[in-house]
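Listed next: structures, encoded as structure tokens.
What follows is a pair of complexes built around chain A, which joins chain B in one and chain C in the other.
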Partner chain A sequence: MSLWVDKHRPKDLMKLDYHKEQAGRLKNLVQQSDFPHLLVYGPSGAGKKTRIMCLLRELYGSGVERLRQETMNFTTPSNKKIEIMTVSSNYHIEVNPTDVGIHDRVVIMDLVKNVAQTHQIDSSGQREFKVVILNEVDDLTKDAQHALRRTMEKYVATCRLILIANSISRVIPAIRSRCLTIRVPAPTENEIASVLHVVCKKEGLNLPSELAMRIAKCSGRNLRRALLMCEACKVQQYPFTSDQKVPEPDWQLFIKETASMILSEQSPKKLGEVRQKLYELIIHGVPPDVVFSGLLCELVKNCDMAMKCQVASHAATYEHRMRLGNKAIFHLEAFVAKFMAIYKKFMEESLGDVF
Partner chain B sequence: MSNKKERMWFKPTFDFDQCDPPKKSKEQAISTSVSTTVSTDKESIHSKINNINNIHHKSWMKKFDPVTVQDLAIHNKKVQDVEEWINDSCSSNHSHMLLLTGPVGCGKTATIHMLAKKHNIKVTEWITPIDIEIPSENGEFEFREKQSTKFMDFILKAANFTSLLDDNTKKLVLVEDFPNTFLRSPSEFTEVLHQYKRRAKSPVVFICSDTHTDSKNTAGSLFTFSLQEEFEIHHIVFNSVSVTGLRSALKRVSELISKKYISFYDIPTSDMIECVVNSSAGDIRSAVLNLHFACLKGSKCDLETSSVIIKETKSKASKKKKQTSSKFLSLGKDQTVSILHGVGRVLNPKVIMDNNCQRLSYAPSDVIEQFLSHPSSFVNFLAENYLPHFSSIDHVDKAASALSDADFMLAEWREKICQENGLYVAVAGLMLSNKAPVSAWNPVRGPKNMKIIYPSPREFPALDQNYLHKGRVLAIDYKTYLHIIGSNV
Partner chain C sequence: MQAFLKTGKIGGSERPSSSGAKTSTKKKPPAPWVEKYRPKTIDDIVDQGEVVQVLRECLSGGDLPHLLFYGPPGTGKTSAILAAARQLFGDITRDRVLELNASDERGIQVVRDKVKSFAQLTVSHTRPDGRACPPYKLVILDEADSMTTAAQAALRRTMERETRTTRFCLICNYVSRIIPPITSRCSKFRFKPLARENVIKRLQEICETEGVDVGDGTVLHQAVDTCEGDLRRALTALQCCQRLLGKITAEGLIEVTGLVPEQLVQDYVNVKNYTELEKFVENFLMDAYSAAQLLEQLSAFVVSCGHLTNKQKCAISEKLALCSHRLLDGGAESMQLTDLGCTIIMANNNP
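Entry: the complex of A and B
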């Protein structure tokens, strides 16, 4: 059995549930047999990949759905062997270059070269170019992004690149200008709720609209998470009741716990304990920026307006530094220390007012 | 000299001429690689030569080498240890092995040479040859023979066969210069030792210098504990030369100067000797070098010693009378500091009062000088360990902010100045922000390994196998729910 997220993924541009106008434009785009390089961006769980797969199907027919997994090997200039997972059909290949860390430049250059050098066998009705899909382009190293710029121009005759990113602010302007940028905004809560209704109907389930709205709210406008939540709800309790518990992601609970630790005591010793928690989050793959925003949301609930502003401004400073620095934990810790200092001062002052 | 000459295989023509010292001595300096130290002979020559020639003399530093065992600056007990071993092993026909370790310049090699001379033992030393031939036609370098084979041939021959011209029967093989190939593949070295153990008939002495960095520590990487046990290698550890040892050795040098070299050295004052002792950190070789430099009478311009010596006051709290002793700043050895030591200096900053203004006993700039080659690992150590030293969260806030700044600067690895400044920000920030330190014993912990482990798609059979999953999406979206969904299927 497959997950609802996979099972009910729309396969045709015209069957998408939201952003229908954009879908129409995309359809028009590929009807002129050729299209420029694309840079698709938007928050996680907004449906970027779904749209791209629909686009490819429009372009090549159902052949793109015959997927196979392959492990490709590359050798870095320093003679280190690296391997990377790829998913490909006869017409396209998809890869996460960030899986190999700082060696992403080699992967991008060699992969695109390999794909571009083999021409499409000319059978009827097929395009003369292949498509390379690169995920998480905004997390690529600067080196890799510059390499990408060259490659894009060089092999434009035989391959098209589709780049996927969460935000284009960290994509170098040179790449941005070479691509047609397409923004896929996150669905609204109502849109998510309606998708949930449609899916439940297909599954033959009855979903109360209150529960649908609550799931949509919990999901943080992430459709993938919403569908997973909905399926988890079904496993936990069916028939649905409108007041049933919606399971939260475990890392979110963990962040809440950490935030309450920070609020309970402001001392270097407590900070040491908080640090261990942060380590754990990062090691288990929760991205530091998610930790940052999660902590901030929890912490400002306990602040008055003036302090909220102050805390948010500090969070922004440290988050920015974190993007530029190497060790996320330093900046997270600096933020927590800053918050503790501000909060302690605030508490002492308000206690002073009482007496 | 006559003794030496008889033993030589052939006599170069210019050697007949006793009055041609510069040329001859150069020749000799090169040929000393396989010979016992004969410093007395040289000294006699030196006295005949005029000043200018002497300065260009290649082996000018040999003239202060110890002549007898009593001249050694090493503790008597250690010398006795080594002497006993040499007596034991040279009397039998077995291939005993000895490993000498110690910091640089503590007199390991000198001890062996002196004792060998005393007991009339011939020392044969291995010097790693340059093994690259002239490039062949297509421009590639050819290697004649493997270094390890050469090395084995050499030590076996040296151990088993006496020179025709030698009247000695006792032999000793000395290895100080290890071929690089052994550092790359220690197994080759084990093989050589096996062969030696089986076939050789003379003892061998290995000398290794201790270094602070593990990667260059020959003794540690080659002579592992198991290896020492397997081949019954006797291990003697030398300490750096004590202050009294240094002082008496330098006194001997100054006596030598006043006897023989008065023409181009100033006689060192006791102040100057004290300076040298303080600045050389237990390294006898560098102490003699420093003394040589400090006492040298300028040949062209008059190099006044006072311009060289910069006095730095150093208070010794243990003595009743505050005694100040000086130290060369421009000369002398660097005091290398291990990373743990550095962490301690930063996290427990000591403030001393100096002319009514507060000053850190170790300035941040001095500390960072030691760690410029690996700034980020030092900062990682600091970040891991700074918290227990703080008592107030306000101070932690400043310190953490400094670390955050430092990380941001260190990320720009292409700019050397960023590395330096980043390290400075971290060190100075931590030293200055802590106004109320906690004085307690805190063990130093190593930085945490921050390897991110994303959940693998294989853990979740429910996932679509033909879909390329991103690690972070698996971690933040799928993981929780797949556990719930999977548990009930």
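Entry: the complex of A and C
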């Protein structure tokens, strides 16, 4: 039994639930003789991967669904051996180069070269190129991105790249200008609700529309999360009632808890307790930038405008430092300490005004 | 019967020819317009009077100095030198020209080994078929501003010693990133951003050759506006738009260039309070627009904006620069946009 997310994933471009106009364009693109490199970007859970798989199916037929996993080995110039997992079919190969950290450049150059140098033997009725899918391009090092640009031009005859990114802010312009960029906006809450209805109908369940709307709101316009939440709801209680509790992701609750701890008392002792909480979040694999924005969002709730500005500006500073440094905990803690200082001063001043 | 045979014959004779045409078109990979319409001779180059004049002089027998081309992207630097090289050397271009760009290994080791050994070879002043050609080779270092200082330093002596046999052409965007000893050895040429009307004329020619309908040309004006004198970007945008939509429209251009709609920029400047700001940032990122692009457009908008005082403009621009820097370092988009938004709100509140 598979999750609903996988079970009800659309397999055909024309069967997508939203952005239908874009799907039509993609279909047109496939039918043209020439297929450019693609750069697909959008927030997570917007359906980037679904669209790409549909596109591949359109290009090569159902053969792309026979997937196999392989581990590939590369050697860096400094003679370090690195391993990376790839998922591939006869027609495409998918890899996540950021898995190997700063050695991503080697992976990109060797992998693309490998793929590009093997021609399709039987090219009759087939496309004469293979597709390489690279995930999380925006997290690649600058070095790797620069290596990509020449590779893209050099092997254009035998392979096409499909790059996936969350945002193109961090993709260098040279790559952007070589690709056809496709923006995939997150679905609106109404679109999510309607997808939930469709899925529940297929499962033979009865979903009240208020609950669907509530799930859609909670999901933060992330369709994958919405579907998972919906399934969790079903496990919790079925038949659905419209005032049923929607389980929030527990890390969100945890961040909220941490924030209220910070607001309750500002002292070095409390800071120590907060540190424990932050460590726990990091150990459980919650990305530090999510922790940062979650904290900011919760902390500024009962501040006045001037203070909000101050806090936001400090948050931006510390977050930036966190990117440059490599120990996230230092910067998270620095931010918390800074906030405590500002908040305490503010409270004392306002109390002073009263007396 | 006869008619049948006849038609059959005609059909038969026609089919192979049509399929033949098909395979021949299939074999040639459809080139990007940028490559297809790259200037073939230096006379085709749009604008850039002085450079073209110097190159023309050396084509007609004069000597070629070491060259340093600098200027914004898409103004024809690489095209100019490639066209000149082709005209100088004709079919022996491959033997006489060494082209290295940022994606090739170009550390100090490569400069020492590859460039130096290439530079040391002497070449004759005649071609294999007996015609005359210039007695030197050409090394083109594209995107030279991304070379390390050490690699540039290693070039200095090589450049001087091998002047007899080799000319260097360095191409870069920022001349300040080239070390002074190198700049003093080259004759520098600045490539100006292309004049508007020339860009439009060129785009129009290409669109006509490709058989693309551009209407009365307003979309071309828009393409030029969004690309700030960068001919390559404008051309790529047009081609992407044509591929994706089958026609060129204003909305299509905005979509393929990843531009943020003007309305959103205005909304961002007119945000009233923190709650609104939070909402704006969330929606903005959910719609997958690029924060870096927003900052770029915002900077243009703020500077030319009528209703802001100078003080407000200063405050916003200063924060904008800071946020843009952090964004380039990889800072989270939501944080930076919130921070900048706060500054804008504060600036709006006390003019």
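Everything below uses one rule, namely that the second predicted complex is superposed on the first by the 349 of 355 C-alpha atoms of A that agree within 3 Å, B and C clash if a C-alpha of one lies under 4 Å from a C-alpha of the other, contacts with A are read in each partner's own complex, and residues count from 1 in each chain.
Everything that follows uses one rule, which is that contacts are C-beta pairs under 8 Å (C-beta built on N, C-alpha and C of every residue); 3 or more make two chains touch, one makes a residue touch a chain.
Remember, predicted model here, so these are calculated numbers, not experimental data.
**Q** Specify the outcome, clash or fit, for chain B and chain C once both structures are aligned onto chain A.
**A** When both complexes are placed onto chain A, chain B and chain C end up side by side without any clash.
**Q** Examine A:Leu67 and indicate which partner it touches, taking first as chain B and second as chain C; both and neither are also allowed.
**A** first
**Q** Where does A:Leu324 make contact in the superposed view: on chain B (first), on chain C (second), on both, or on neither?
**A** Touch partners of A:Leu324: chain B and chain C.
**Q** In the superposed arrangement, does A:Glu203 touch chain B (first), chain C (second), both or neither?
**A** After superposing on A, A:Glu203 lies clear of both chain B and chain C.
**Q** For A:Tyr41 in the superposed arrangement: first (chain B), second (chain C), both or neither?
**A** second
**Q** Mind working out whether A:Glu231 is in touch with chain B, chain C, both or neither, as first, second, both or neither?
**A** A:Glu231: touches chain B, not chain C.
**Q** Figure out whether A:Asn96 sits in contact with chain B (first) or chain C (second), or with both, or with neither.
**A** Touch partner of A:Asn96: chain B, not chain C.
**Q** Regarding the shared-chain residue A:Ala312, is it in contact with chain B (first), chain C (second), both, or neither?
**A** The answer is second: A:Ala312 touches chain C but not chain B.
**Q** In the overlaid three-chain picture, which partner chain does A:Asp143 touch, first (chain B) or second (chain C), both, or neither?
**A** A:Asp143 sits against neither chain B nor chain C.
**Q** For A:Glu333, using the defined touch cut-off, is the partner it touches chain B, chain C, both, or neither? Pick first, second, both or neither.
**A** First partner only.
**Q** Is chain A touched at more residues by chain B or by chain C?
**A** After superposition, B is the partner touching more of chain A.
**Q** After superposing the two complexes on chain A, what is the shortest C-alpha distance between chain B and chain C, in Å?
**A** Minimum over all C-alpha pairs: 9 Å.
**Q** Go through chain A and flag every residue that touches chain B in one model and chain C in the other.
**A** 324
**Q** Would you pull the chain B residues touching chain A in the complex into a rising list?
**A** Those residues of chain B that touch chain A are 376, 380, 383, 387-388, 390-394, 396-397, 399-401, 403-408, 410-411, 448, 450-455, 462-468, 470-482, 484-485, 487-489.
**Q** Residue numbers of chain A touching chain B in their complex, please.
**A** 1-3, 6, 44-45, 67-69, 85-87, 94-96, 99, 135-136, 222, 224-225, 228-229, 231-232, 235-236, 247-251, 266-269, 271-272, 275, 279, 282-287, 290, 318, 321, 324-327, 329-331, 333-334, 336-338, 340-341, 344
**Q** Can you tell me which positions in chain A touch chain C when the two form their complex?
**A** 25, 28-29, 32-34, 36, 41-43, 46, 146-147, 149-151, 156-157, 167-170, 176-178, 180-181, 183-186, 221, 289, 292-293, 296-297, 300, 305-306, 308-309, 312-313, 315-316, 319-320, 323-324
**Q** In their complex, what parts of chain C are in touch with chain A?
**A** 25-26, 29-30, 101-104, 146, 232-233, 236, 240, 243-246, 255-256, 258, 273-274, 278, 285-293, 323, 326-327, 329-336, 338-339, 341-343, 345-346, 349
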